[in-house]
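One chain, subunit A, links the two complexes that follow: it is found with subunit B in the first and with subunit C in the second.
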Partner chain A sequence: MPHTSKFKFGQLGIHAFFWLFVIGSLLPFALIVMVSISGESSIEQHGYSLFPSEIRFTAYTFLFHDFSEIARAYGVTIICTVIGTLVSLLVTTLLAYPLSRTELPFRRSLSFYVFFTMLFSGGMVPWYMTFTNLLPMKNTLLAMIIPGMLLSAFNVLLMRSFFHNSIPDSVVESATMDGASEIQVFFRIIVPLSLPIMGTIGLFQTLSYWNDWYNCMLFIDDPKLYNIQYMMTKTLTNVQYLLMKSSSSAQAGDMLAKMPRETVRMALAVVGFAPLLIAYPFFQRFYVSGITNGAVKG
Partner chain B sequence: MRKYAKAVMAATLSSMLVLSACGGNNNAPSGEQGSNTGNQNANNGAKEEGKLDPYKITLVYPASAPKDLELVQAEMSKYLTEKINATIELKPIEWGSWEDKTNLMKVSNEQFDLMFTASWYFLPQDVTKGQYIELDDLMAQYGKDIPGVLGPDFLKGARINGKLYALPTKKEFGQGFGFLLSKKLVDKYKFDVNGVKTIEEMEAMFKTIKDNEPDVTPVISSKFANTWGASNYDGIVAGLSVPRGSKEIKLSDNLEDPKYLDFFKRMREWNKNGWFDKDVLTSDSEVAMTMIKAGKGFATASSLKPGKDKEMSVSYGVDLVQVETAEPFTTTGDAQGAMLGISRTSKDPARAMMFLNLLYTDEKLINMLDWGIEGTHFVKKGDNVIDYPAGMTAETQTYPNPGGWMFGNQFISYLWANEDPNKWKQFEAFNNRSERSAILGFSFNQEPVKSELASIANVENEFIDALFAGAVDPEKTIAKWKEKRAAAGFDAVKAEVEKQLAAWAQNQQ
Partner chain C sequence: MRASETLPLAAQAQPERAARKQHAWLKRLNKFKWLLLMTLPGVLYLFVNNYIPMYGVILAFKNYTYTKGIWGSDWAGWKNFEFLFISPDAYTITRNTVLYNLAFIVLNLVMALLTALLINEIRQKKIARFYQSAFLLPHIISMVVVSYLVYSFLNMESGMLNRVLSGWFGIEPISWYSEAGYWPYILVIVNAWKHVGYLAIIYFAAVLGINREFYEAAAIDGATKWRQMTRITIPLITPVIITMTLLSFSGILRSDFGLFYQVPMNTGALTPTTNTIDTFVYRALLNQGDIGMSSAAGLYQSVVCLILVVAVNAVVRRINKQDALF
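For the complex of A and B:
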């Protein structure tokens, strides 16, 4: 039957496309892993290769001879991610929910105030000064949790619309009639009903905390508080920067010679992404079920 | 039901937008201006020597923080307390984060005392903004030993508009230009590498390699062209320079200079002969070292100083020899190659100057800063020769050298057992024979022609790599370059340079 064969053909095409897509996404990772376990001389002779002529784990022994540094950086990242995500979800919800309620006085002005911060900001320098001079956050974990990350106006507005559109006022009304206080309404009715948006925002907060190195770069001087992403980023940016300057200063060229070799840089990248890569499938299962749970309700 | 599905979709989609927005939002702070440029009173807080109040000196420099930083800091503080009743806080900042981080430190009036700077490392910008205080009076009062250590030429070169804003490290004073060659191949073909070679003699070597070693690239990377330029011209901006050897102060335009054109023609020739590597447009010194190490390359050009070949051999683990093709040449850039300035946010500039004075004279202090604590990070093998303590190697050391060339007097820094024991004597000789530029001490203030310079730099980027690599016909390309450069406002820049140069020359007499 021509109909079925056409259908099969179409499916084959889709499958082929996605297989290619998957391979295309995975290849760079495979390459990083392979380069990190290549021997130095193999890279010198043949450049980067998926099949190095010589396999060595020297880069890893170099990285792990002092594992405390990496373990510490992981600790910092995990603490900031967990605390940051939880607090950020709480704060976002607590701001978004009242804004969604029509009986809130000055609702429009408050919403506009939140919205306004999306369009205009005080600029880099005042922002930095707020967190260093006004609030002494330099060289503390707070600096990697609060500045620019804890509360995103966009998330607030997103959540406000969700509450506004998806949770009928009558639900709140009936709960109030049954004698629930505002706090009870919020935690027993609203939060369970808004799992999909919580899941979505929570996941992206997690990712942005996990991937953040910029705050760490600006606010942290103490190497004991470096997070894992900054540890990786600094290695790469140091090399790039010195390469750029090596033509204007002989010394920059000399410094370059002391930077970690390619295999070490790649091994560092592997150490950085491997745990998340392993953990992500598990998180994703919850994430997907969270969304579908929310979706069938109603 | 449909409503919910829609909401979820919207939520997911918009969250993606958030994600992408996160990516774009980490813009580097670009050129934020400091508002407070008022100079502090230089003598603020200085007391009579002998009854100094305790003070903490903060030293900011580019480096990765080593593991034993606090240990060394404590030891230095102990020593400094005895000397000038001060403690020290070492504040290394990663090279890659330096610009973002220090810009914010400066504009937010963060308190620190000393900061590393250089003409290639934000000194001109910071002087314009008034970040560093003038040092002449302070040096006369609290840094009496410094002029004697540095000598007049160094101090002359370090000045900007006749004023001293930062003190240079005493290190090599001038740049040699030449090639680093693979020792294996030099030995195999018995090349003579002694003395200064002409570029023609080098070409004979390259030809031999090309003819006899089919797998070896004679020259890797053309990035050296800048260094070649620096050894022949005292470049000011935009290709305007005073050529080496000229006795009078007369501005010349590199693109009009026949010697410059000859150089490009030579590069064209080299390229046609197949002497460059196939990635010559992008390859850099790191690629060059890797290729030489792998036995696939013969030479790369580089700025030279005594013992550069040994240093690079150790760093990259391949035997190299260096050949000079020009006598060293000293320009303002060399005097301002590595300096320490006192910040306007320092609470006690006098103490910072006392500390600087020690960095130029006190062997014990500078070696603590450079190499760590004796017995823990190094052991003495001779008067000024050191080595790793038993069980420690370059990989496992806990206080790797931040860069002795950044601080004070490098000539009193200890030498390692595998280094030439006469290194500093050779440096001294090198500095003495280096030819001084006619305009040593002139630095150009870019402010008045900033926008023109930016567009001229864009024009330059369009042509320069291809010309240096010999990938295009020099005459035609230079003609095109000149045309675009003129449109970008070259004449205004030239006039400004001439004006400032004339004013400077007037002051010299």
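For the complex of A and C:
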């Protein structure tokens, strides 16, 4: 090729651009981790820095000294994520599959019923009242599983088009001719064939349950039911929140004096986002393909 | 006409045919009863989560009092809307929501397109995948984590930005969380940081969908990379660009509650530039307990969005029928 050198230069420029992009994406995380292991004196002198002059783990020893609150918040997050994702997958599939069957009675009206929820919403106030007045869900785990999160019309339509495009009618026909009931067809044939799309939607749902703080903020007043994200919110605005649960005020005062204020907040942030960051390399390829398939098909 | 000719026969057959029709209908219903039952949980969920609140928009026309409940409360007519649009808030929140969205649409589109076009030029596919994963990371974390990341840069005493500004340029530390004027820039940058990688991947998928033969033919004709980009890639993904952009326009009165509530840490001093319709509705409901005004603002948002989405869809249909929503 005659213009190899120019071409190489172009490639180099492109890689430089992407490295800047990658550093920009990752730098804030690195900063938080470094702050969480900085010594307090290092922060007093140099502020938050990627290269602290002194490395200390006091913030973590402080956090882990009484880990029960964090463990409880994680427990809430994990329970809601697991139950929410499983139920959500079941309900989504149960709705999407019949809608993909062309002979289904009321198919068009049902599809419109699902679709219309994407066009118009009553707004946050009546929605909030529905789940507080009509269905008393305040201060229950259900409030972090059901309102607004359990079923998304978009996922239903995404899954419906998956069934429509990738499961031929003949498969269902031949199975019913062999005497299988619709329920058997669903569990023995449809569910196994739809594992890829269920994986994608399951991942989307897992992330949205894991990251939820909105429902917790709206519906939960009882600190025992706070999930990890909301506990982080509370701590960011008021780092003393971490001490409020301490049994006696004398004990709290003592702890407050000893607390490494600047770093303990960031240590909690690290404890909060670490699981997702650690898991990310394992699901990132799957996630990227899920987004592109969703974008193309949805 | 024909009906009158066959009247005696038809009159005789009609009840019978109707009965047969009804029978066939019941048979069909019976055949699909399991499939219909399957849809029940989802249908019920949408009824409670979406349709009951839709009916609840009557709250915007009521003078809600807790003791009288939704049904018993007195009608207020358009009073709630009057109060909303007389107050200076209505203008501020509408302006903020619209301007932020415009900035997001333009900046994110330019950056995501540039990124998608450049990934397409990388020949080592493994490296390209690594880049994609890295800049998708901000998209999967919650706004709470984002607010921590932003805080670590903007914290007055020890934040990295003030330290860099004062250390390198001798600028006095700025109290970012009490100066509303900086926040339009901060939030636009934060939003781009979180979403550009995601949008780039969607545009990149569109680029990958282009038939490779176009490029081969162009290369044989001696077209440079630049010409291939401007004459093949961009024209061919233009429908996707237009569709995505129009769809974002239809949501111009919506805002990401987390971005405008969590990232400024719900600071009162910042509301002139960070209050959007969604944060306004939230605060009016939960801080002031003003149900009438907050539901009026919510309904105003929903109705404008519905009109916009229908209009935008009509435009998209004319451009590319496949990409239309309905």
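Keep this in mind: the second predicted complex is superposed on the first by the 227 of 298 C-alpha atoms of A that agree within 3 Å, B and C clash if a C-alpha of one lies under 4 Å from a C-alpha of the other, contacts with A are read in each partner's own complex, and residues count from 1 in each chain.
In this text, a contact is a pair of C-beta atoms (placed from the backbone, for glycine too) under 8 Å apart; a residue touches a chain by one contact, two chains touch by 3 or more.
Being a predicted model, the structure only gives us computed values, none of them experimental.
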After superposition on the shared chain, which partner residues are touched by A:119: those of subunit B (first), subunit C (second), both, or neither?
second
Contacts of A:101 with subunit B and subunit C, given as first, second, both or neither
second
Is A:129 touching anything from subunit B or subunit C once the two structures are fitted on A? First, second, both or neither.
both
Subunit B or subunit C: which reaches more residues on subunit A?
C
Quick one: classify A:156 as touching subunit B (first), subunit C (second), both or neither.
second
A:29 contacts which: subunit B (first), subunit C (second), both, neither?
second
So in the superposed three-chain picture, is A:58 touching just subunit B, just subunit C, both, or none of them (first/second/both/neither)?
neither
By the touch definition at the top of the document, which applies to A:139: first (subunit B), second (subunit C), both, or neither?
neither
Per the contact definition in the header, classify A:276: touching subunit B only (first), subunit C only (second), both, or neither.
second
Quick one: is A:233 in contact with subunit B, with subunit C, with both, or with neither? Answer first, second, both or neither.
both
Common interface positions of subunit A, toward subunit B and toward subunit C:
43-44, 123-125, 128-129, 133, 148, 207, 214, 218, 233, 236-237, 291, 295
Going by the contact rule at the top, pick out the subunit A residues touching subunit C in the complex.
7, 10-11, 14-15, 17-18, 21-22, 24-26, 28-29, 31-32, 35, 43-44, 46-49, 90-92, 94-95, 97-99, 101, 103-106, 110, 113-115, 117-130, 133-135, 146-148, 150-151, 153, 156, 181-183, 186, 207, 210-214, 218, 229-230, 232-233, 236-237, 262, 265-266, 269, 272-273, 276-277, 280-281, 284-285, 287-288, 291-292, 295-296
Which positions of subunit A touch subunit B when the two form their complex?
41, 43-45, 62, 65-66, 69, 123-125, 128-129, 132-133, 148, 152, 154-155, 158, 161-162, 165-166, 196-197, 200-201, 203-204, 207-208, 214, 217-218, 221-223, 233-234, 236-243, 245-258, 291, 294-295, 297-298
State the interface residues of subunit B toward subunit A in the complex, per the touch definition above.
1, 3-5, 7-8, 10-12, 14-15, 17-19, 21-22, 25-26, 29, 32, 64-65, 67, 69, 91, 93-98, 100-101, 104, 107-110, 118, 120-121, 172, 175, 223, 226-227, 284-286, 289-291, 293-294, 296, 302-303, 305, 311-312, 315-316, 337-338, 395-396, 400, 403, 405
Contact set on subunit C toward subunit A in their complex:
28-29, 32, 34-36, 38-39, 41-43, 45-46, 48-57, 59, 69-70, 115, 118-119, 121-123, 127, 129-138, 140-145, 147-149, 151-153, 155, 157-160, 162-163, 193, 197-198, 201-202, 204-206, 209, 225, 257-258, 262, 265-266, 278, 281-282, 285-286, 291, 294-295, 297-299, 301-302, 305-306, 309-310, 325-326
